[in-house]
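Below are two complexes that have chain A in common, paired first with chain B and then with chain C.
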Partner chain A sequence: MRRAPLLPALVFTIIVTQIPFLLTIFYSLQSWNLVRPGSQQWVWFDNYVSVFQDSQFRGVALNTVIMTLGSVLIAVVLGLVLALLLNRHFVGRGVVRTLLVTPFLITPVAAALLWKTTLLDPTYGLVNFVLSPFGVGEEAWISDFPLASVMVALIWQWTPFMMLLLLAGLQSMPTDQIEAARMDGAGAWAIFRELTLPHLRRFIELGTVLGAIYLVNTFDAVYMITQGGPGTASANLPFYIYQRAFLGFDIGQSAAMGVVVVVMTIIVATFALRLVFRSFGAAEGSH
Partner chain B sequence: MTITTERGARAASSGPADDEPRRSRRTGPVLLTTLTWILGIGFFFPVLWMVLTAFKTEGDAQSSPPTFVFSPTLEQFRTVFDAGIGPYLANSLGATVISTVLVLLLATPAAFALSLRPVEKTQDVLFFFISTKMLPVVAAIVPIYVVVNNLRLLDNIWTLIVLYTAMNLPIAVWMMRSFFLEVPVELLEAASMDGASLMRTLREVVLPIISPGIFATALICVIFSWNEFFFAVNLTSANAGTMPTFLVQFVTSQGLYFAQLSAAATLAALPVILAGWVAQNKLVQGLSFGAVK
Partner chain C sequence: MAEVVFDRASRIYTPGATPAVDGLSLTVDDGELVVLVGPSGSGKSTALRMLAGLEPIDAGHLRIDGRDVVDVPSKDRDIAMVFQSYALYPSKTVWDNMAFPLKMRGMDKAEQARRVNEAAEILGLTEYLDRKPKALSGGQRQRVAMGRAIVREPQVFLMDEPLSNLDAKMRVQTRAQIAGLQNRLDVTTVYVTHDQVEAMTMGDRVAVLRDGRLQQYATPSELYDHPVNAFVAGFIGSPAMNLLDLGRAGDGVRLGDVDVPLRREVRDSAGDASTVTIGVRPEDLSLSDGDGVKAVVDVVEELGSESYLYAHLADDEATTLVVRGPGRTRVRYGETIAVRVDPEAVHAFDSASGERLAS
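Let's look at the complex of A and B:
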């Protein structure tokens, strides 16, 4: 009886999210190309062997790690600076916070399009215009630095989230501790290092884990800004698997890649999430 | 605040000139405030630039150096509406609203069963819900495509509605649970002492307390469904396409004309920006599955 209110949500989630993964495993053991009807047959682990022999796959996996971790870490650092700046009383604080939140809200496809055209365009882009006093000419950022260009758009979108999270952390800090430290003559840097940072640690960890979970799935920015190119220079795993499945119609191969990605994600995420949610006391539940 | 005055005070003890501490005490905060404003405007500027470009002629939009002063025109918005944005807008609205309602209908009772009247294995169930968000979507897209294709449900808005509901449900369960946990137990006990039935307690005691939370959860679901692109681009085309796919299709057919695409991007992004401004306090709570209030 007590379980009744829970069941609809639980059953729905199991059906919609778990069955596809079971099917992914099933398909990953088959050779199946959609454009060749009747090509479906069992090949067991052949797909996995070719995934691991695929040097492009390894390159793309590395891109994914760089893109995810690089963007998350830079966004956390920038978000920390902004959170510290916002954690003061000043004129128009609410307005500045609203301005800062906006990049996170803009539809990722629109944001990516914006970076690709009006901002990073070599001739008409705002970025080259702003940098022109520093001797930057008509730099073609997207073709010369494809991975970095995608990351700039991601960092711009995710810094606001980190800022909000760390601001919540700063505001939950007990002020009497800081007062006491100041009375004892501790400097601003000492207070930051000895009190603020340790208090923020779990917020930083949470931001890193959540940012990584969301950013490892990045698709929109790659699709819109570089199409993974040139070659696979800026492709990440979601984009590469998409290419294999929907442009190459290779169901078996892309399913095998999907399974590899899931296994890697589970290893990292189970550990990281347990850690973070334990430290946030999500277990306070027994009411 | 504390940090800057601290720095001012330290300068006072070590500064050689007498009037220096007073000056730095005053200029320090002003400098920091100015810096904060500059950074805020800097982060916001690309969005502002998008909106400005949407009101330019193509000539003004693609000029070097960029045009800052121009006479605004609605020409680009006209082009976007002529390109048939209507059905996409309707699909986005439909998918967003219906999936959000479904999420709330499923998540609210579930969150109740995981908070005020906890079932056994509450922790495991909660962990199961977030674990579904950890699995990369891309790993599921192949079978989803095959199944949806076999069911003849490609390019059908209900496919997106079901997927968006599943996508937002874990976030909503966690968020709603954190709101339920804020309901004081004494209140519930008092209500049951007075002989109120469970349904009545829920309706008259619990609901008023958690309704701001329901609103916040709804806004978060709206933001995620409206912005979703991966499922939309892979599973829909002309019939069930949403705003993000309209943007792609618009750029592909019209070419990269800055003013036009800015107008389309502005229309696609605006509803969520407005919703997000209202819900900015709750954004973190949504994304962190209620771990941070």
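Let's look at the complex of A and C:
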């Protein structure tokens, strides 16, 4: 009874998450295209069969993996480099840190637009302008490297997050361990490899999991920069499902894809979160 | 094996401010265990960190085995340090912690194994070699930190309050172990502590520091018997020496209603000062049946073999005394006791400067 006041919140959560999910499962068992009224009928698992036979779906799933993991891992590496640079004293450190954090504070849609128009535009883009002394002409980055272009925008936004997380990790490292290692004869690289990286491991794991959970749902960057094109070259699963549901109006097919994605995400997230909780739990035990 | 010489070494954190260590001159002989002791902020840890190469030496010199190490990085000074927090590497096993300094110096694997096994045996860590530090007790961690220092076979050991994170019983036990180990290895050791009992029991010689300045550098018994000033007198010994500012009277000073005579040399060096700071250790005060200064007991500390009576003078509340009494004393709170002073055991200090009179 002590928890009774929480009941409205629970009911609300069930209404907005579980009921739509049940409805999605319900739709995924039907053939229903909105542009053909009266087409709604039960087809049971036919939609699931065609999802797994759809080569575009597999291609898009692969894109999602590349986009999510690639962006997260590159952002972690860049974030680590920046965090190591920021973890030392220099004049203007506060200003530099603030500037480095700003990409994370920008609305993803605005950031995507900025990359599409101001930076990567073949004719007016700043990237081509900066690279022109090196013989790069009017390179159409977005059409030639669509997936990479989207990833660049994502990495640019997520590097500051990784940097902040790893900086917090670096600053929680006891200085006497580093002093002891220095007296033990370890050089800068040995200290980094033998002490800093093991200490940062759990922060890296946490950043990777949080980043992946967020980035697997990327929609705005794909929508703004490439519209998933050319073809489905840069589409990821959220965007592809959106296309099938709200541009193709194929409710049954897209509902089935949604269910498949939810199931896969739950499986991956469960393992990833367990990893993170275990390594943080183990670390707690030492203090 | 080496001699360590601080030669007017100073550490100045902010130019113009009081130096953290101010012109420290001190020689640690080969194989000697010297304790740096002082209250917090006395500069004892800073002095050790200067020797370790973790703090720069802003003025003066520092020599290890005759070599000036002011510009030598700590890894090339051939020293090993035990940190207050132990500073073990949490991701490494006990074995890897102890082998780390050897590995970093590129020593071959067989020699690494020999030295780590030997150190583990000396310290009783053999069965814990596969464990990570977090699976060890405080005392075991402390021994791993010791092990990491001794595998190096360095010229000098540095120890920064290595016992302060242990419980009281473990501390006494480990104190004896460290002293024994140091005797056995015969390595020059500089040991920092704020605990004067550790300093007295462990040091071949003890350096007392205060506000970055060396007060006295002598053997424990010399410090105890002939403190050079009132600070050292009050710092060394537990319970602390009674230090009383007393007015001159006749051939001595007046304590309550009795006269405490002073030796002629003391009177001469005190000149015509109207007061003198008198130091008397609790064991040099004794309870008497009749004569002596009257005092009222505030607290009785019964230790079994002896007792300490905290009292204030019957005619002066502000003057307090600690008197050592017999074990199982019958004296209770609120009683008036008569205290006799052993005039031979009285230390006298200048009231203004605190310096010893007629040393």
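As a working rule, the second predicted complex is superposed on the first by the 275 of 287 C-alpha atoms of A that agree within 3 Å, B and C clash if a C-alpha of one lies under 4 Å from a C-alpha of the other, contacts with A are read in each partner's own complex, and residues count from 1 in each chain.
Throughout what follows, a residue touches a chain if its C-beta (ideal position, glycine included) is under 8 Å from a C-beta of that chain, and two chains touch if they have at least 3 such contacts.
Predicted model, so just to flag it, every value in this text is computed and none were measured.
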item: Contacts of A:L195 with chain B and chain C, given as first, second, both or neither; value: second
item: First, second, both or neither for A:N217, with chain B first and chain C second; value: first
item: Which of chain B and chain C A:L86 touches, first, second, both or neither; value: first
item: More chain A residues in contact - chain B or chain C; value: B
item: First, second, both or neither for A:S143, with chain B first and chain C second; value: neither
item: Partner chain in contact with A:R182 - chain B first, chain C second, else both or neither; value: both
item: Partner chain(s) touched by A:L100 [first = chain B, second = chain C, both, neither]; value: first
item: First (chain B), second (chain C), both or neither touched by A:Q171; value: neither
item: Chain B and chain C footprints on chain A, overlapping residues; value: 182, 285-286
item: Residue numbers on chain C that touch chain A, as the complex places them; value: 52-54, 73-75, 79-81, 83-85, 87-92, 100-101, 104-105, 132-134, 148, 152
item: Residue ranges of chain A touching chain B (in the complex, touch as defined); value: 2-6, 8-10, 12-13, 16-21, 23-24, 26-27, 82, 84-86, 88-92, 95-111, 113-119, 121, 123-124, 126, 129, 132, 156, 159-161, 164-165, 168-169, 178, 182, 187-188, 191-192, 203, 206, 210, 213-214, 216-217, 219-220, 223-224, 237-238, 241-242, 245-246, 251, 254-255, 258-259, 261-262, 265-266, 269-270, 273-274, 276-277, 280, 282-287
item: Chain A residues within the chain C interface of the complex; value: 174, 176-177, 179-186, 190, 194-195, 198-199, 201, 285-286
item: Contact set on chain B toward chain A in their complex; value: 1-4, 6-7, 10, 29, 32-33, 35-37, 39-41, 43-47, 49-50, 53, 61-66, 106-107, 109-110, 112-119, 122-123, 125-147, 162-163, 165-166, 169-170, 173, 177, 181, 185, 223, 226-227, 229-230, 233-234, 243-244, 247-248, 251, 256, 258, 261-262, 265-266, 268-269, 272-273, 275-277, 280, 283-284, 287-288, 290-293
